[in-house]
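Chain lettering (A, B, C, D, E and F) follows the sequence in which the chains are written, and residue indices restart at 1 in each chain.
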Amino acid sequence: MAHTNTARETLIDLLHGVERFNTEVFPQNRDLFASLAESQSPDTLFIACADSRVNPSMITQTQPGDLFVLRNIGNIVPAYGEMLGGVSSAIEYAVSALKVSHIIVCGHSNCGAMKALLDPQASHLDKMPTVASWLRNAEAARAVLEATDAGPATVRSLSEQNVQLQIAHLRTHPAVAAGLARGTLTLQGWFYDIASGEVVVLDETSRTFIHVDEAIAKLRAQQASDATA
Amino acid sequence: MAHTNTARETLIDLLHGVERFNTEVFPQNRDLFASLAESQSPDTLFIACADSRVNPSMITQTQPGDLFVLRNIGNIVPAYGEMLGGVSSAIEYAVSALKVSHIIVCGHSNCGAMKALLDPQASHLDKMPTVASWLRNAEAARAVLEATDAGPATVRSLSEQNVQLQIAHLRTHPAVAAGLARGTLTLQGWFYDIASGEVVVLDETSRTFIHVDEAIAKLRAQQASDATA
Amino acid sequence: MAHTNTARETLIDLLHGVERFNTEVFPQNRDLFASLAESQSPDTLFIACADSRVNPSMITQTQPGDLFVLRNIGNIVPAYGEMLGGVSSAIEYAVSALKVSHIIVCGHSNCGAMKALLDPQASHLDKMPTVASWLRNAEAARAVLEATDAGPATVRSLSEQNVQLQIAHLRTHPAVAAGLARGTLTLQGWFYDIASGEVVVLDETSRTFIHVDEAIAKLRAQQASDATA
Amino acid sequence: MAHTNTARETLIDLLHGVERFNTEVFPQNRDLFASLAESQSPDTLFIACADSRVNPSMITQTQPGDLFVLRNIGNIVPAYGEMLGGVSSAIEYAVSALKVSHIIVCGHSNCGAMKALLDPQASHLDKMPTVASWLRNAEAARAVLEATDAGPATVRSLSEQNVQLQIAHLRTHPAVAAGLARGTLTLQGWFYDIASGEVVVLDETSRTFIHVDEAIAKLRAQQASDATA
Amino acid sequence: MAHTNTARETLIDLLHGVERFNTEVFPQNRDLFASLAESQSPDTLFIACADSRVNPSMITQTQPGDLFVLRNIGNIVPAYGEMLGGVSSAIEYAVSALKVSHIIVCGHSNCGAMKALLDPQASHLDKMPTVASWLRNAEAARAVLEATDAGPATVRSLSEQNVQLQIAHLRTHPAVAAGLARGTLTLQGWFYDIASGEVVVLDETSRTFIHVDEAIAKLRAQQASDATA
Amino acid sequence: MAHTNTARETLIDLLHGVERFNTEVFPQNRDLFASLAESQSPDTLFIACADSRVNPSMITQTQPGDLFVLRNIGNIVPAYGEMLGGVSSAIEYAVSALKVSHIIVCGHSNCGAMKALLDPQASHLDKMPTVASWLRNAEAARAVLEATDAGPATVRSLSEQNVQLQIAHLRTHPAVAAGLARGTLTLQGWFYDIASGEVVVLDETSRTFIHVDEAIAKLRAQQASDATA
């Protein structure tokens, strides 16, 4: 059947990609991979959407070993409670076992999960009960947007609101709360715009998203202030 | 404080990486990203460990838009049931909404989750109750290894067994079962060895892992046989 | 009230049945029951529907002490996960404590649970939310049938598909997976047709149901082959 | 391997039993099975332990079609709540769809589940976490026994207490509560002694177990009193 | 904004009330509060609705230290099971740690939770999914009322039925079952009528609600009978 | 038995209290209760510990009808998620149906729940598994305290930290998030000291607890600033 063979072709392509990685890319990074063979020590837990257009290592221009990466639909972090699953365990592992210094929650433009939350009918959410149930973890973001009458809610506004909510959820996890209290952990919210390639960073004081250079400047200022103190 | 400033430095580095992506990498891929701005249509759902040394797009040499990526500790897929979370919803979304043709479960060498399962004490699993609870989804893999007296269980054997188990779990999800019955979906198990950069592929008939070129040959043979039929 | 008295009569009938058992049947089996008084060691865990027309010991012509019997609507085995109840505990007990050698999942014709899954409206499933929720454990069977366009789905096709699914679910239970790996446990799917009294057996290789004599022949062939090896 | 062949032999025996049923037993009951082929209308939901020595139809000397049978370890009925599984759905189905008139909960002597509850260590309950969790549904029975200092708790006392508890749990299910209020449903607790073949019946007024003939006499008296009224 | 200032005013009023408590009421009870500063030993666990018109200490004319008070919507006690939350933990704490002698479940007239259960549409229950889910714990009370054709169900009838159900749920909790068996714990159901200020008490024998003086007389009679015995 | 009669006496005392309420207190408030008979419209949801020494209406010097009161051990608010119970439903009802303007979470001195969290062994928490599980909702507060090396953690510090955590949990509830965004809801954390009768109020800006008069002054200042704007 033609269709099946087309599908099979994409699988073969993937496997050819693996061969290319093995023969062309790996040799150039042999030392890096050798040093990583027996352990990892990433500084950052990066939580992103499963969306195929979001590539954490590309966006951050990082190498294998740099980012511990958690991905699900909608870059969601269920609040800590009695029902603990894949996200909660990854957070616990990243903070307690790997002792990461940062957790970044990265939303993105044109997110299918956010679109489904904003317009369940157009997204046929009734046909996807498990997705609908998962998106309850972003429900408070939708409720906030609906409550503020600042024009029609957009996917982008919802994504940004959702990043803020998931950061709030992160704080309910004991390991995160302890890391923040101890000053050994920082949380940061990002929003990545696919069309422009731009990332903006959540400024928790103003609760707005600022440009990367501004975010860097703020961190530098904090460093200077700490150095003086 | 020195420690905090070091940590802050890695965060600033990440943000500099973002700037580099934006000024150097993005312009070279402007057309690709423009074409992806309003939608995605990935062929493959790729399920991998959150481990920082595993980079799905690098291993497969794919571009943004190619892989819908789900990552958690231990590349685990809870079986379908009453307790449905991030993994189940991503599977439902990938199969029902994105209509992917393939699902790949990719284990890897030196996996911290598998090490914790194999030796809970050495891994201080008692201090990470949420991780311990999550790893129950891989418990049947450990039980199999313990049952077969083929020498001491190793992290690699467990990882391979775990890939087989998670493939079995995938089949319990209605959307996956339907796709398999319809012939529009294929499942594949991979194991990635960090030290050698090599990927081996689970052959479901022999229940062993085979080399990529062999896997390609098998797929080509199926294509030929289908074309004749 | 007449109605109540009719109902009471059936209860009295049951109690008279008990007296008959005690005075007529028990004495003939006194030795058997004496030998069973202090312990049981059944070889088989038999999982069947609660349906009143299915009588495991009658179908298999076995005696008290032979079958450990688990019955619920739809002869369902939830996959192993975080939500573990009556079925999971019975499997764990049968395999770990009783060390049974076989687990048989037995579906049957004209099954009310399968009819409800196939036609929720005609079965008034909306009035039985708990049943509806329980049948999600058979949802993948329904999805498979709907996906394959081999004519209209029938209760029998669904029951057979369901037996296959529940066998797959069994494999996700650690104790079962270990037993299979060790070679000390076998799984078998059956379908019992009430009208003809016939049982057919799932052949896992061909994924079809075969006659009992054929199933016996296959087992005999395996015995011979093992004896030679 | 000898062991495997022995095990296989018991499976072959079961299949031979099926053939015997088909050729010898079924023909004698052809009319009964023909009348049952398209529907069932049992009067009673019978809830018993999965124990291989307990055979509901034998004990009650009933025919196929008479008893809707639910079996799990410990003849347990979880109270109605948010976590609803196989037992709750079978109750809902039996009462709402089949409109049974009676529910019998039947405990038995030498019950492994009760032994495990009474002496977790001797029963290696720590190796069976799912069983341990399931037995929490009988915990209140154990607590009552421990609270009353009437000599050392025995498996029999616990089984009887457990039957009373599960009857109380039954009353928390809406369908059961409604049936009781309407007068269309009766509940009865039984205890079956394997060694003597005797069944005793829970008298809810005195909260003691009475002989079958006494239970029949009480029902007859109620009938007479109703007829007069 | 006027509205916000009005709201703020009620908050300021509350804080003024606190000041009044501190300067006027507290000094009069200084000795009582001093004696309570380091420990509590209440005799009674009082379970009431969150309704603003129900004031347990006012109704019973008790002092701080007398009642351990649990309040939620509908004065509900989920039956003991696998899903244990705030109510179950408070019961366990009250009985096991505080060793209370009594548990009182107090329903009341015009209860919003009961109205929502009786008429979900008028109460917009579809907009409050969490409330709807919580009220499943009172579903058996509604089912009983619907089953008995004693005229249209009223909020009062449902509240009384609900008190009976929650008392039944209490009995499924191991700590409660043990306390009852030991004779160290009594359960009592109350119904409080806001309009008349009257409380009636559930008489478990007759399953009706009786006046307070009658309830006292019954307790006195039991005391006398115990003293004689 | 003496013991039982003593216990019965306290129950009779409670009932005498009810009679006193009915004959002495109710008549003085007849008009208030008449006006409340058919509806309630409290401005505030007050969340307090079940502790017998905490009396919300006394502390705030409020009347029946003023406070919608939720009480459980530890004045805990589980974060919004998939497991929703008594607290979540009460919040939903208070905000969506009653449209309260304020939610106050009130901790207190010498809290048994906080003591159990701080010293599980001394509190015999191992004997109270349900309480232990419920206290996981306060675990992040304990983790914070343990992380900050500001001397030994005290029950008071933990209670204050816990109030802050539960306020954070409140924000994860959609109805609360929407109310906050709309400006129609305010949250406030309180700590009540039993020995001194003093209440201090959480200042969210400084994350410290301030005196009531200071809290009033801040609210007045906000009113003035709003009036000017």
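One rule holds in what follows: a contact is a pair of C-beta atoms (placed from the backbone, for glycine too) under 8 Å apart; a residue touches a chain by one contact, two chains touch by 3 or more.
Quick caveat, the model's predicted, so the values are computed rather than measured.
**Q** Note the shortest touch-path length, in steps, from chain A to chain D.
**A** Between chain A and chain D, the shortest chain-hopping route counts 3.
**Q** By that same contact rule, can you tell me which chains touch chain C and chain E alike?
**A** Of all the chains present, those in contact with both chain C and chain E are D.
**Q** Give the pair among A-B, A-F or C-D whose set of contact pairs overlaps with that of D-E by over half, matching residues by number.
**A** It is A-F that repeats the D-E interface.
**Q** Could the interface between the copies chain A and chain B be described as same, meaning over half of its residue numbers are common to both, or is it different?
**A** Both copies touch with mostly the same residues.
**Q** What rotation angle superposes the Cα atoms of chain D onto chain E, in degrees to the nearest 5?
**A** It works out to 180 degrees.
**Q** Rounded to the nearest whole Å, what is the centre-to-centre distance of chain C and chain F, using the mean of the C-alpha atoms as each centre?
**A** That gives a centre separation of 51 Å.
**Q** Could you work out how far the Cα centre of chain E sits from that of chain F, in whole Å?
**A** Result: the chain centres lie 17 Å from each other.
**Q** Once you find the CA centre of chain B and the CA centre of chain D, what distance in Å lies between them?
**A** Chain B and chain D have C-alpha centres separated by 45 Å.
**Q** Just curious, how far off is chain C from chain B if you go by their C-alpha centres, in Å?
**A** 35
**Q** Which chain A residues sit where two or more other chains touch them?
**A** Residues 78, 82-83, 85, 133 of chain A touch two or more partner chains.
**Q** Chain touch graph shape: choose line, ring, star, complete or other and state it.
**A** Graph shape here is a ring: one loop, exactly two partners per chain.
**Q** Counting contacts the way the document defines them, list the chains around the ring, chain D then chain E and the rest.
**A** Start: chain D; next: chain E; complete ring order: D, E, F, A, B, C.
**Q** Using the touch definition up top, name the residues of chain E that touch chain F in the complex.
**A** Of all residues in chain E, those touching chain F are 1, 3-5, 7-12, 14-22, 25-26, 30, 33-34, 36-40, 42-45, 50-55, 57-62, 64-73, 76, 78, 83-94, 96-98, 101-102, 104, 109-110, 112-113, 123-124, 127-131, 133-135, 183-184, 186, 188, 194-199, 201, 212-213, 215-216, 219-220, 222-223, 226-227.
**Q** State the interface residues of chain E toward chain D in the complex, per the touch definition above.
**A** Of all residues in chain E, those touching chain D are 78-83, 133, 136-137, 139-148, 165, 168-169, 171-182.
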